[in-house]
Structures are given as C-alpha cells and as structure tokens.
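Each in structure tokens, the structures are laid out below.
Common to both upcoming complexes is subunit A, partnered first by subunit B, then by subunit C.
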Partner chain A sequence: MKDTVVRVSDLGVTYAGTPAIADLDFSVTRGEFVSVVGPSGCGKSTMLNVLSGLLEPTYGSVSVNGRVLYSSGEPLPRLGYVFQTHRLLPWKTVRQNLELVLSAAGVPRQQWSERIERLLDVLQISEFAETWPMRLSGGQRLRVSIARALVIEPSYILMDEPLSTLDEVTARTMRQELSSIVAKTGSTVIFVTHSIREAVFLADRLIILTRGPARVFEERIIDIERPRLYEDARIGQIEAEVVEKVLGAWGLDEPRKEAV
Partner chain B sequence: MMRRHLWWSVLAVTLLVPAWFAGFHYTNFVGDPMEVAGLLPGFLSSAETWINVGVSVARVFGGLALGVAIGIATAFAIHRGGLVKNTLTPYVTVALRTPSAIAAIVALSIFRGAEIGYLVVVAYITFPYVTTSLLEGLRSSDRELDQMAKIYKLSMLSHIRHVLAPFVAPYIFAALRNAHALAWKIIVVVEIFGAATLGFGIQFSHAWEYFQILEVHLWLLLFMAVVLFAEYCVLRPAERRVFRWRDAS
Partner chain C sequence: MSATEASSQPMPVSTPSRARRAFWSGSGAGSRWLGAGIALALIMVLWFFLAEHLRPWVPGPLQTFQVMGRELASADLYRDVLVTWERLLLAFLASTLIGTVIGIAIGLDKRVEAFFQPLLALMLAVPDPVYIIFAILGLGTGEMAGLVALTLAVMPFVANIVRTSVQARDTSLDEMARVYQVRRWRIFTSTLLPQLVPALITAGRFSFALSWKIVILVEALAQPTGIGARIYNDFSMLRMSEAFAVAIMFTVLMQIVERVVLRQLESRALRWRS
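Showing the complex of A and B:
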C-alpha cells in the first residue's frame, strides 16, 4: 500500500467571517496524480495557497510526509509549483531559473548540472537551456516551469490550471506530454483545473469540490490504463457522468437548447 | 537600427558647428571656432587639463555612488512602512526641493572646501531622486514573482538579489540618468562657489573672470565630450547589458 504524502484534515479557511473552505478532507498517496475540479470561486485558489505554505488555515491541518504544516519549528517541505502564468524570471535564462530554485532548496552544486540536463532532456527543451524565457513559446515556458518544479525533487507538486493560457492545439499536446512526464518521474501531483475532461484525462483520482465554501463533493478513481488518449470514449463518458452530477451540486442549470 | 540612431545623434551634435560659426559672425561674445580648433590639440595634450577633468569626474561619480547607496537604502526603509517611513519621508521631501545653490553653500560652510563636501552635496541632491523613483518600483513590484520566491523558499537576500533588484532596475536606471545629470550641474556650481583649486567649475570661473573666451569654449567643449562619453559609453552600455533579456521578445 502506497504511503500518504499529503493529508488534508478538516481544513477550513475563513476571510473576515466568510468561509472560503470548510471541512475539506482528502489525502494524496505517493506517485498519485490527483485532479481537483470545482466551480469558479469555490476556494480552489485558497486551497492551493494553504497547500503551498502561503496561507495558514483557520482550522484543520495539512500534513506532508507526516509533518504538519504551519506548526512552529517545522520546516516547510520541498514543493514544486507550476503556475497558471508560469512566473519564470525573465531576466534569467532557463538554466539560471532552475539553478535558482536548486540553490534555494539547498541542493549541492555538484548535482545541479546533472539534474538540469536530465530534466531538460526529458522535457525536450535541452536546446533552450541558455535562452531567455521571453524567446520561448507558451508551451516551452510551461515545460520550463514543469522542469523548475521537478528539478528540486519535491515531496509533491501543485499545478494551478497550467494549461489554461495555451491555445487548444498546444494544450492538447501538453496534456499528453504532461501525463507522460509525470508517469516517467513518478511525481505526486495535485492538479487544479476547471476542465473536467482534462482533469479526468490526467488523473489517477478525481476530487470534485462543492460550491464555496469548498468541501469534497465526490472522489472518483479514474481506472483507465495509461497511456491515455484525450479522445478516448471512456474519458468522455466519465466526463459526462461527472458533469451531470455537478450541474445540480454547483447550482448550474443545463443550458437551454433554443430554437435558431 | 541602433547604429542609425547613433549616427543621427552624432549628426545632431555636429550641427553645433555651423551654429557656432553663425554665432561668431553675428555676435561679439562667441569665440572664433577656427581659433578654438587651433588651440584644441595643445589643450587636450596638457596634463593639467586631464587632472581637472579627473577631479570633477571623481567628485561626480563618488558623490553619485554615495547618493545612489543612500537613495536605495532609504527607499527600502520607507517601503517597510511604519515609524521609519514617517521619519524619513520629510527628509526626502526637503532634500528633493532644496535648490542646488543652497545645498552647495551649506556644504561649503560645513566642510570648508574639503573634498568630502563635494561628495556630500552631490549625494544630498541626488539621493531623493533615487529614493522616489525606486519607491515607485517597489510599490509596483510583481506580487506573483514574490509568491513564486516564497513558495520556492528563496532567502530574503536571494529574493532581493534575484527577484526584486532586477524588477526595479529600470526605475534605478531612470533615477541614475536624472541623478547623473544633476550631479554634473551641482558639481560645477559647488566648484565655482567653493573656489576649488581644481575641477571644471573653477576652470570655467577663472577663464570667465579673465575674459578668456576661447578658454571658456575649450572647457565647454571638453565638458560636453565628457558628459556625452559618460552617458553613451558608460551608462547606456551598462543599461543595455542589464536589460539584454528584454531584446529577446
């Protein structure tokens, strides 16, 4: 049985008396890819802020590898983060962006070159090692952002709608590649997205949140063998089932079919 | 593209030559450009000339370095807010509005013509420009990059060095340009007021006092050359190097 890496226990966050998250409870095991979906404004960003160490919860706890976050004296675990807008430092080359996080993570300098070369090779961006981020396409910047998250060999990786700013063609390619990269590296990932199909395609397990304040509405194992195809009918079927379930839960009506 | 811009700048400066000839022919206070040209080689090969240039340059860049250091420290201190901000802000306001001549006179009174006085007055006049410009940068700093730095556990020093400083570098360079221009203006004034023995200012003053118009022209030409060299051969290349990543887009 795989060990638990991230354990979220009865988590609650309140801003000025208004709850953003209430009694959120789930766990993620080692090497698992968990997709989290929820309606806009339900508290997904708040959840990510708590999981990334930026926001202390009002109640409840988050533990990583058995260590509770935000308890005094406990150093925060090493985590990787792939942002929606990538947030690469434009004044540093690709290599320098990776070296910076390696330095911050306390990785010995002798290991930097090997780690960087290996990851750039896996992500097929070796030729861009000395390139400024502004010269890269959106898809290439995403790969660099993923490399930055992976290079420190984190306990877990958070991904905040990383494909949402890409055009559909690039996003399709990157979904396939992301699935393959994560499988190769065996990383533990919590992936937040607003696309249910994308969430189903990538995930080992799907967590569906309620409307705000966010709670877990349902968890669902995605038992489709890898490698997966985005157009796989089974993915479409699961997507349809989930959509039907959440329409009511998220307070959304089925779109009316109006006569043209 | 840049070379074309450079050539246009050079052309613009050379337009002074026909303007100078016209001034010589139509006024009685502009010197003969041909006479000045004749005196130029001797003037430029004189060690005394370059000693005076060196002294003024050292005062300008020494004072500027001090002013930039104080300006940066003050900006970061004010940005933290609270009591420090309330304490320092009035001083920055006063320094920003102090006329250069007043600053020169006060500095000379305090330091009685010692070299430190020149550095202090340049620093005093230039630091508030650095502070106000840098504060603008700090206030508009990229919160997303700050978050990234926090998530990836960059130390405070690392955050300042790798994230904040490059972000505010455009503001610092903008302030540096203004401060550099001000520094030259103030140092010439101080050297005149302070009856310095060496420097651009005192050479201008002596030449004018003895109505040596040609010598005034020589020092003026050299002054223009020095400030243009500092601007185009020092500051701008440094700026291009720091911002070379911008050309990547």
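Showing the complex of A and C:
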C-alpha cells in the first residue's frame, strides 16, 4: 500500500463568520496526481493557502508525512508551488530564480548546479538558464515555474490553474508535457483547475468539491493507462459523466431546467 | 515580373523615408536634437535681449563666455566645485538614505505610517529657506547646519516616493517567497528592494536635483566657501559676469551628472526590463 503524503482531516476555514471551507477530508498518496475541481469561489484558493502554509485553518488539520502543519515547533514541509501567474522574480535570471529556492530549502550549494542543469534539461529550457523571465514566452515561464517547484525535491507540489493563462495550443502541449514530467519525477501533485477535461486528463484521482463552503462532493479514480491522449474518447466520456453530476451540485442546472 | 506581380510585392521602405517619418512623428533623434537646438537658440535670443535692456545687471553672453574661459583656467573654481560637491554628496546620501529607510518602514507598517504621516506632511509644507534659517540659528554657520537643513528639506520627498512604491508593490511575490520558505531578510533583499529600484532611482534623481540647488542656497547664506558663496560674493561686488559664468558652469555640470551618470545607473539597474 502506498504511504500517505498529505492528509486533510475535517478542515474548516471561516472568514468573519462566513465559512469558506467546511469539514474537508481527503488524502494524497506518494507519487499520486490529484486534480481538484470546484466552481468559482468555492474555496479552492483558501484550500491551497492552507496547504501551502500561508493560512492557518479555523479547525481541523493538515498533516504532511505524518507531521501536523501549523502545530508549534513543527517546521513547514518542503513544498513546491506552481502559481497561476508563475510569480518568477523578473530581475533574476532563470538560474537565479531556481537558486533562490534551493538556498531557502537549505540544499547544499555544491548540488545546485547539477540539479538545475538536470531539470532544465528535462523541461527543455537549458538554453534559457541565463535569461530574464520577461524575455520568455508564457509556456517557457510555466516550465521555469515547474522547474522551480521540482528543483527542491518537495514532499508535494501544489498547482493552481497553471495552464489557464496559456493559449489553447500551448496549453495542450504543456498538459501533455506536464503529465510526462510528473511521471518521470514521480512527484506528488495537487492540481487545482476549472477545466474538468484537463483535470481528468492529468489525474490519477479526481476530487470534486461542492459549491462553497468547499467539501468533497465526490472522488473518482481515473483508471486510464498513461501516456494519455487529450482527445481520448474515454477522457471525454468521464468528463461528460462528471459534468452531468456536478451541474446539480454546483447549481448550474437551473437554466437547463428553465429551458425544459 | 508582370505588373500584377509587381503591384502585389510589398514596397521596400527606404531608409530616408523611414527617417523622415521618425523625424516628423518626433520619435527620431534628429527631431529631438532640433527641438533642443531651437530651445537653446531662443534662450540665447532672450539672453541677448535682457542683456541689452537690463545692463549692467544681466551681462551679455559673449562677456559671460569670456569670463567662463578665465574661470576654467583658475584653480579657485575647481576648489570651490570640490567643496560644494562634497557637501552635496554628503547631504544627498544622508537625505536619500534616511528617506528610503523611513519610506520603507512607513510602507510596510501601518503604525509607523500613522506616526510619520502627519510629520512628513508638515515637513513637505515647510519652505526650504525656513529649514536653512532655523538650521543656521540652531547650529551656527558650520558645515552641520547645511547638512541638517538639506536633509530635512529633501528627506520627506524621498520618503514619500519610496512609501508609495512599497505600498504599490506586487505582494504575490512576497507570498511566493514565503511559500518557498525564503528567510525574511532574503525576502527583503530579493523581492522587496528590487521592486523599489525604479522608485529609488526617481527619488535619487529628485533628491539630487533638489539637493544641489539647496546646497548653493545654503552656501550663499552661510558658508565662506563653495560655488554658492562664490556666486553670492560676486553678486555682492556687482561682478555679474562672474556670478553668471559660475552659475551656468555649475548648472551644466549638475545636468551632466544627472543625465549621464544617474541615467546610466538607471539603465544598468533596470536592464532586466529591456
């Protein structure tokens, strides 16, 4: 049996009396790619803030490799985060952006070069090591952002709609590559997206959240062998089934009922 | 090649026509030089006119240029420039440094802002000569009076520019750094300070431009040496050509420092943007 990396237990976050997350429960095992989908404003960002150590929950707990986050004296686990807008430091070259997180993670300096070269090679951006992020395309910036998350060999990686700012053609290529990079590195990933098809395509398991406050509405294993094709009919079929289920749960079927 | 083919070919844009368009749109270097040339010519015409009508208070350009040549050959001028330059550099550094530190503290902490904001508003409202007079009254006519007056006059502007920039910074980068557990000091040096560079440069240029003018004023009022004192002495002795020549030369020198040195620094610091 695979060991659990992230365990979210009975998690709740309340902002000024309004619950953003309520009784959220799920876990992620080592090397698993979990996609989380939910309607806008359901509390996905709040969940990511809790999982990234930025926001202490109102109740419940998050444990990583058996250690409870936010408990006194416990250091935060090493985690990677691929943001929607990449958040690379524009005044640092690609290499310097990676060195910043390596230094923060306490990785010995003699390992930096080897790690950076290897990852840039995997992500096919070796020639941009000394380039400023502003000179890179959206797809290349995303690759750098993924490299930054992977270079510290984190316990888990959070991804917050990282493909949403790309054009569809680049996004398709990047989905395919993301899937293969994650498979190559064996990373544990929690991937948040609005796109159900994208979620199904990438994930080993899909977690569907309710309309806010966020709870787990349903979990579904995606048992399609890898490598996958984005146009695979089975992915389309799962997407259709999920859409059918969530329409009611997310309150999106009222217009349909009215039309009938 | 047929006529149809020829008409479908893009017309090659000749370099002269591109240069002409750039010139008339004002984006070319030629139009900028022309603009500067016209402005300079107008200043000279105005100068001739004033010299003609306000003699002996306004000396003529030719007479002034002759004096400039004489002054440039004298060691006294360089000694005074050096003295003024030292004072200016010291005051510029002090006001920029103190203003930056206060600006960052105000920008980061609401309590510090609550304390400093009314104080800065008051300091900004006080006319520069008031600082000079009070500094001389309190500290005498020594070097310290000038330094204090200058720092008090310039510092609030710098603090204000820096504070605005700190408050307008991209906090998502701070958040990224916190997620990756970058230490506080490193967050400050890697994410906050680089974001302030454009504001620091603006503050630096502003501070420099204001500082040298105030230094001249302080020297004229309270110092026996320096360019300001020399201009004041020449003026008192009605040596208007000398006063004009020295003032013009020092202004040109400051413009060169401002436009060449500070702009070079700016383009180096912001090269990642290009």
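Throughout what follows, the second predicted complex is superposed on the first by the 253 of 260 C-alpha atoms of A that agree within 3 Å, B and C clash if a C-alpha of one lies under 4 Å from a C-alpha of the other, contacts with A are read in each partner's own complex, and residues count from 1 in each chain.
Here is the rule we use: a residue touches a chain if its C-beta (ideal position, glycine included) is under 8 Å from a C-beta of that chain, and two chains touch if they have at least 3 such contacts.
The structure presented is a predicted model; accordingly, all values stated were derived computationally and were not measured.
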### Query
Since both structures carry subunit A, what do subunit B and subunit C do when superposed there: clash or fit?
clash
### Task
With the two complexes superposed on chain A, say which partner A:Thr85 touches: subunit B (first), subunit C (second), both, or neither.
both
### Task
Answer with first, second, both or neither: which of subunit B and subunit C does A:Met134 touch in the superposed model?
both
### Task
Using the superposition described at the top, list the residues of subunit A that contact subunit B and also contact subunit C.
52-54, 76, 78-79, 81, 83, 85, 87, 89-92, 100-101, 103-105, 132, 134, 148, 152
### Query
For subunit A, which residues are in contact with subunit C within the complex?
52-54, 76, 78-79, 81, 83, 85, 87, 89-92, 100-101, 103-105, 132, 134, 148, 152
### Task
Over in the complex, which subunit A residues touch subunit B? Could you list them?
52-54, 76, 78-79, 81, 83, 85, 87, 89-92, 100-101, 103-105, 131-135, 148, 152
### Parts of subunit B lying in touch with subunit A, wherever the complex brings them together
144-145, 147-148, 150-155, 158, 162-163, 166, 245-246, 248-249
### Query
Given the complex with subunit A, which residues does subunit C contribute to the contact?
172-173, 175-183, 186, 190-191, 194, 197, 272-273
